[in-house]
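Here come two complexes built around chain A, the first alongside chain B, the second alongside chain C.
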Partner chain A sequence: MSAATPAGGRIRSAMGLMRSFPAQFWSRLSLQERLALIFVPAAIVAGVVTVLAVVLLGPPFLDFLGANLPLVRFAVAATAILLLTVPTAFVLIYLELKVIARMNLRIGPNRVGPWGIAMSVIHGFKVLSKEDFAPTGADITVFTLAPVVTYMASVMTLLVIPFAPGLIGQDLNIGLLYFFSMGGLTVVGLLMAGWSSFNKYSLLGGLRSAAQIISYEIPLTLSVVGVIILAGTMSMNRIVLAQSGSLLDWFVFKQPLAALIFFIAATAEANRTPFDMTEADSEIVAGFATEYSGMRFGFFFFAEYVNVFIVSALVATVFFGGWTAPFQWPWAYNLNWFNPWSFGFFGWLAIVLTVGYFGTIFFAVFARLFGGREWGLWASMGLGFLFLLVVVAGLVVLAGFIAFDWVAGLVWFMAKTYAFVITFVWMRATLPRVRVDQLMGFAWKWLLPASLLNLFVTATAVVLLNR
Partner chain B sequence: MTGIWYVVGLAFAGVSFVFLVIGLAWLISHRNRGDRHKGLPYESGIDTFGDTWGRSAISFYVYALLFVAFDVEVVFLYLWAIVFRDLLIGGLVSMGTFVLVLMLGLAYAWRKGVLTWR
Partner chain C sequence: MPAHQHAPRTSPARATTRAARPHPQPSADDASARQYSSADDPRVMLDRQVGALFEPIPPYPTRTEREGEFYSLGDGEMFLNVGPHHPATHGVLRLVLKLSGEQIVDVDPVLGYLHRGVEKICENSDYYHVIDQVDPLEYVSSLFQEWAAVLSFEKLMDVQVPRRAEYIRVLSGELLRIASHTLFMGFLALDLGGLTPILYSFIERDEIVEMLAALTGARMLFNYFRVGGVNGDLNHEFMSRLGDWMTRAAKQTEAQAGLLNENEIFVRRMRGVGVLDRATALRYGVTGGNLRASGVPFDLRRAHPYSVYPELDFNIPTRDEGDSLARYLIRVDEVRESIKIVDQCLHNMPDGPVMARLPRLIRPRPGRAWGACEGPRGMLGVYTISDGSDGPFRFRIHDPSFLNLETVPALLPGNLLADTMAVVSSLDPVMGGIDK
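Let's turn to the complex of A and B:
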């Protein structure tokens, strides 16, 4: 219709943008422009504030931090815990897409980044930029608070999980009880979501999830009582220490039945596939999450995947020795000859530049050789640099593994945890969903008596054998 | 008692984080008012009918009752388990009696058919 050139059209739309400045300015911006207008000023403000804080009140500020070390420790722990949830969820989502795809003889995500590794980041941005919508009849307050409660219920439990020696949010002496009480709050969030959505599927999904989670809560909590008897404590750190030593000190060998019950009940608690009645998409659309969209749905999603991580971490901590190594490191290394401060700034600069330059070329040659013609020169250089970073990171972790206790602990903890994460994904790819009556009957008629049996057999054994 | 402040502080930080991200999403997300049909609940394409917040099955309520009974038992069991090495045979007998009474309740519920989902 109009014969305007693209440039003319752009000018006219810019004029229109200015004319309607306060009212429609923001809504006409594209996603990239909005992100830039949010993040660039925020980064400038944060940078200026930081520089001002360091320059103007440098020494008094540092003195204040030194005098309030618990406060600093809390700030670091809370930030780390909250920021940990995002990459954990991303890694788990990618892992699930890729592993299930390979198990189904599909390829899985392979478009965004090499091997599709940026897929879940794109998912995150998509969820962030989608419309956050509430249906007409919904109870808006409860509707907004429900994902908050669900997400908090899973994040709060991360406080007591021991990642490595000394690397724990807070070693509460009621750690395990705190874990279950916080994890149990998930039910409240799901019920809130189901009730406030003004949708029959949501309400049914919420009620079902409440019934399922509270039913499996009982065997879940009962199965670890045997471990508490053996360890004599509820502190997570001391439960791990009680299993230190060799492989045979792990509680899974003293409490095999409890470990099995715990794993099954934890699957149900995390709403994972043989027990994902709450979101049974073939029966009740998406259960409690039917009416959710945008970031409020995103937080349910986050909570679900963080829950998988947490449940795996708990299985690893309570039954598989947490951060303790399954065997003692057979060779002793002494890295004292290596003093990173002795090189000085320019020495490090030279090392980084040399290694970066030649390492990139070295790996780029490999990328060129094995990647074939589809990798251009700059693409293979970029891939070579990526490989170099991976190799250097691996070497640094290896050095830390040998030199530092906490790095070794973290590596073992993550290895065990992700072994269980993979098991959960495997189960999702393999097992069909159970029927709702079988689900409830299994919890009350099999798991509950079995966990009580385990408890009293353990108690009797302690009475007979120990004293 | 410093632990409780960690819990409270983390709760505060977490809620702030969630609302910050939701606020950010509200700023950058696409919005339009739509029409009357946009706000309808999604019930597989059929217009909603009847009372959404109506009555639901009694079995949910019965499971909640059972849950309360056994969850309170679990709290007692945790404390008992910590000091069990000091109690030994006496603790075993008394807790066995307590759990036996609760299991009688479960057996009654089982017999009455409460545990069978209908």
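Let's turn to the complex of A and C:
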């Protein structure tokens, strides 16, 4: 055979090498080389494509954006709000774990990061890395869409919440109405999840959520009508402005009953204890989310916590003055004399180095004094540096608080919102769950008449006083 | 063709698969072929998968009239399996609920997921090992199960237990009763959605369990009582822990009861739910706090006194309502009474030995004996037949949780799904004892 001849053998072996070239070549590479071989060409191609796109499409695209500024504003706001939800949910999850733990005489998460602050991030990774599973018999399309609908419904409500003067997604003139209609969409997602999961617990959870959210939306909406009458507008920004001035201008003092009804109904709307019928773990396992795992469950989870934030933000906005300060700032001070550009680059470098060096040593002394011998030199230096960073960050926020309107507004808004978030967490740690019939009875027999009464009294008073 | 060029690839593997799986040719007269072609419709495939996945309910032809009645669904009704793996069933209890909406029409409790054949194991052991074997039955309050077995053996042997040993038994038993009731309160709240009380319960229980560990050497499965006494006298660590705990026990109990008693949501969910009237309770053979909540002042410690209970001063709390709230409140009252008993035990503790003088190997005369004590859940009884050997010939355990749980089908219908947990939890079943 030709295999015996030298020429044929050479040809055969060359052919074999060529055929096995890619496999052997690849298997002899180390991991770093493989990664480099994948990512370097990819990066080169991506860079070339990006540069080409910018050069070719950039100018016309910029022209287009310049001609459609509202569109830009919308895109930026939507992106910012979408990006806002994840850290918000992370903070809320950690807050809930920690606060409930303290109330239960536990310590709570304390292993991941200092004081366990990375716990929610780890939760996120855990959820991401789980199997994306759908049970047999599930309606896959609806099953997949349900978390998206729920999540988007929560996120879209964030668009009309005024975080600070000028910091609002879109100041609609029907802001409150938009809010309630978008909030009502949540129930569609929950119903979809409950129906498509092919599980009786899910079905019960979905139906419970439908009954509950629809029932509580009526007192929720009716209780705000008094505020709308007083403010004369449905725009969230103008509702906030109507409460500016002092603490006594807040609507909670003009509409105390409405505020109470609103808070209770909002608890039910966010599916929080004691109204967490939809995921009553001791009754219907996990309600609509029973069959969900992985990131689909993660979206429900995020939506729940974003909902808590939104509801707290709405209570703060409508009844507690939103971003307005509770009292007039007693001393007017402006920082206009301070020009950060006057120092120059080397000036700033000198400042940063000096403050960093001496500040670190200053705080390290405290760490050394109070930490005792357990803190070594470098540990106390590190802690001192950390303290310094916190103090500097605090000072920067304080300067911003004094100098800029929107920083002050944001600080006040967040303070008020998180006060209500902690109230929700506190309620969860304290109260047992009500029963379904008690829940519905409370909505229809007590909250609805009370909100109607409130509306009647408010309208009468406004008519009489304006006469 | 040049040598380095390949012949065009004709994937032989794929070709054979194709040949092996020819496209179905439906014909009018072939029934199986028709079925096969209809499977192309995704909806039909779904139905088939689901049908193959879930067995019909029940998976066998109904055997009794009651089963036939239970498993026939009315209009708008459905079955819901609560358990055996469910967050709120206290172990592996399975309740098949027949629901109309959220309202319970009928209930069928299914037991036996935890059956180990403890009675048979005990019959194969000698008398000392029996004490060890019965421990995990009522794992929340295992001393009482030991106590019942030991009582029955002592009747067989006709032993006089030293008074100090009797006082130590009462002392440790009442401590464990407090621990058990405290845990009951926490789990009841947890089943109603309250997160916090359970953790307070466990703090309280941990203190008691730790002090019992100092006394007996184990936290849960004590193996402490012996025929004719107890294994080991009171020691310093136990007494110091007990004294420490007694200074705040009453206050702590009131604080914990206040967490729930004064909670409007809790009271409203418990009041009038699962009412067990006096006649039904007696007919089902319910004992313990569940019976006393229905207005029958039956407590073995007073009705058939054993140990040194006749010398102690305590009340038998009763209530007339018979609902879940009454069952809960009875437990709170019993904790108060138990604290009184512990106090008296400490004051009246006599000196002396803690074990009667007995041979190493126990061989009672042939005979039979019934020993029973009042556990936290009711009458814990043991019936022993001896054939004169060193182990029981027949060993029968009467567990109160089993009889208490039997009332669930009588209590639940008409209530809502959420009440299942309130009612079952208020009966305080321990599945280890029920399934034996």
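Just so it is clear, the second predicted complex is superposed on the first by the 369 of 467 C-alpha atoms of A that agree within 3 Å, B and C clash if a C-alpha of one lies under 4 Å from a C-alpha of the other, contacts with A are read in each partner's own complex, and residues count from 1 in each chain.
The rule we apply is simple: a residue touches a chain if its C-beta (ideal position, glycine included) is under 8 Å from a C-beta of that chain, and two chains touch if they have at least 3 such contacts.
A quick note: this is a predicted structure, and the numbers were derived from the prediction, not measured.
**Student:** So in the superposed three-chain picture, is A:136 touching just chain B, just chain C, both, or none of them (first/second/both/neither)?
**Tutor:** A:136 sits against chain B and chain C alike.
**Student:** Once chain A of both complexes is superposed, is A:100 in touch with chain B (first), chain C (second), both, or neither?
**Tutor:** Touch partner of A:100: chain C, not chain B.
**Student:** Could you figure out whether chain B or chain C reaches more residues of chain A?
**Tutor:** Counting residues of chain A touched by each partner, the higher count goes to B.
**Student:** Touching A:276, do we find chain B (first), chain C (second), both, or neither?
**Tutor:** second
**Student:** Just to be sure I read the superposition right, which of the two partners does A:437 touch: chain B = first, chain C = second, or both, or neither?
**Tutor:** both
**Student:** Contacts for A:352 in the overlay, against chain B (first) and chain C (second): which applies, first, second, both or neither?
**Tutor:** A:352 sits against neither chain B nor chain C.
**Student:** Now for A:391: first (chain B), second (chain C), both, or neither, which partner does it touch?
**Tutor:** In the superposition, A:391 contacts neither chain B nor chain C.
**Student:** Applying the touch criterion given at the start, work out whether A:429 contacts chain B, chain C, both or neither, answering first, second, both or neither.
**Tutor:** Touch partner of A:429: chain C, not chain B.
**Student:** Report for A:455: first if it touches chain B alone, second if chain C alone, otherwise both or neither.
**Tutor:** The first partner, chain B, only.
**Student:** By the touch definition at the top of the document, which applies to A:197: first (chain B), second (chain C), both, or neither?
**Tutor:** first
**Student:** If I apply the document's touch criterion, which positions on chain A are contacted by chain B in one structure and by chain C in the other?
**Tutor:** Shared contact residues on chain A (touching chain B in one complex, chain C in the other): 136-137, 198, 200-201, 204, 285, 436-437.
**Student:** Given the complex with chain A, which residues does chain B contribute to the contact?
**Tutor:** So the residues of chain B in touch with chain A come to 2-3, 5-7, 9-11, 13-15, 17-19, 21-22, 24-32, 38-44, 48, 52-53, 56-57, 59-60, 63-64, 66-67, 70-71, 74-75, 77-78, 81-82, 84-85, 88-89, 91-92, 95-96, 99, 103, 106, 110, 115-118.
**Student:** In their shared complex, at which residues does chain C touch chain A?
**Tutor:** Its residues touching chain A are 3-4, 46, 49-50, 53, 78, 80, 86-88, 102, 189-196, 199-200, 203, 263, 265-266, 268-269, 416-421.
**Student:** Would you tell me which residues of chain A are touching chain B in their complex?
**Tutor:** Touching chain B from chain A are residues 26-27, 31, 34-35, 38, 70, 74, 77-79, 81-82, 127-133, 135-137, 144, 147-148, 151-152, 155-156, 159, 169-170, 172-173, 176-178, 195, 197-204, 207, 210-211, 214-215, 217-218, 221-222, 225-226, 228-229, 232-234, 285, 290-291, 294-296, 298-299, 436-437, 440-441, 444-445, 448-449, 452, 455-456, 459-460, 462-463, 466-467.
**Student:** What does chain A use to touch chain C in their complex?
**Tutor:** Residues in contact with chain C: 11, 14-15, 18, 100, 103-106, 136-137, 198, 200-201, 204, 208, 273-274, 276, 280-285, 428-438.
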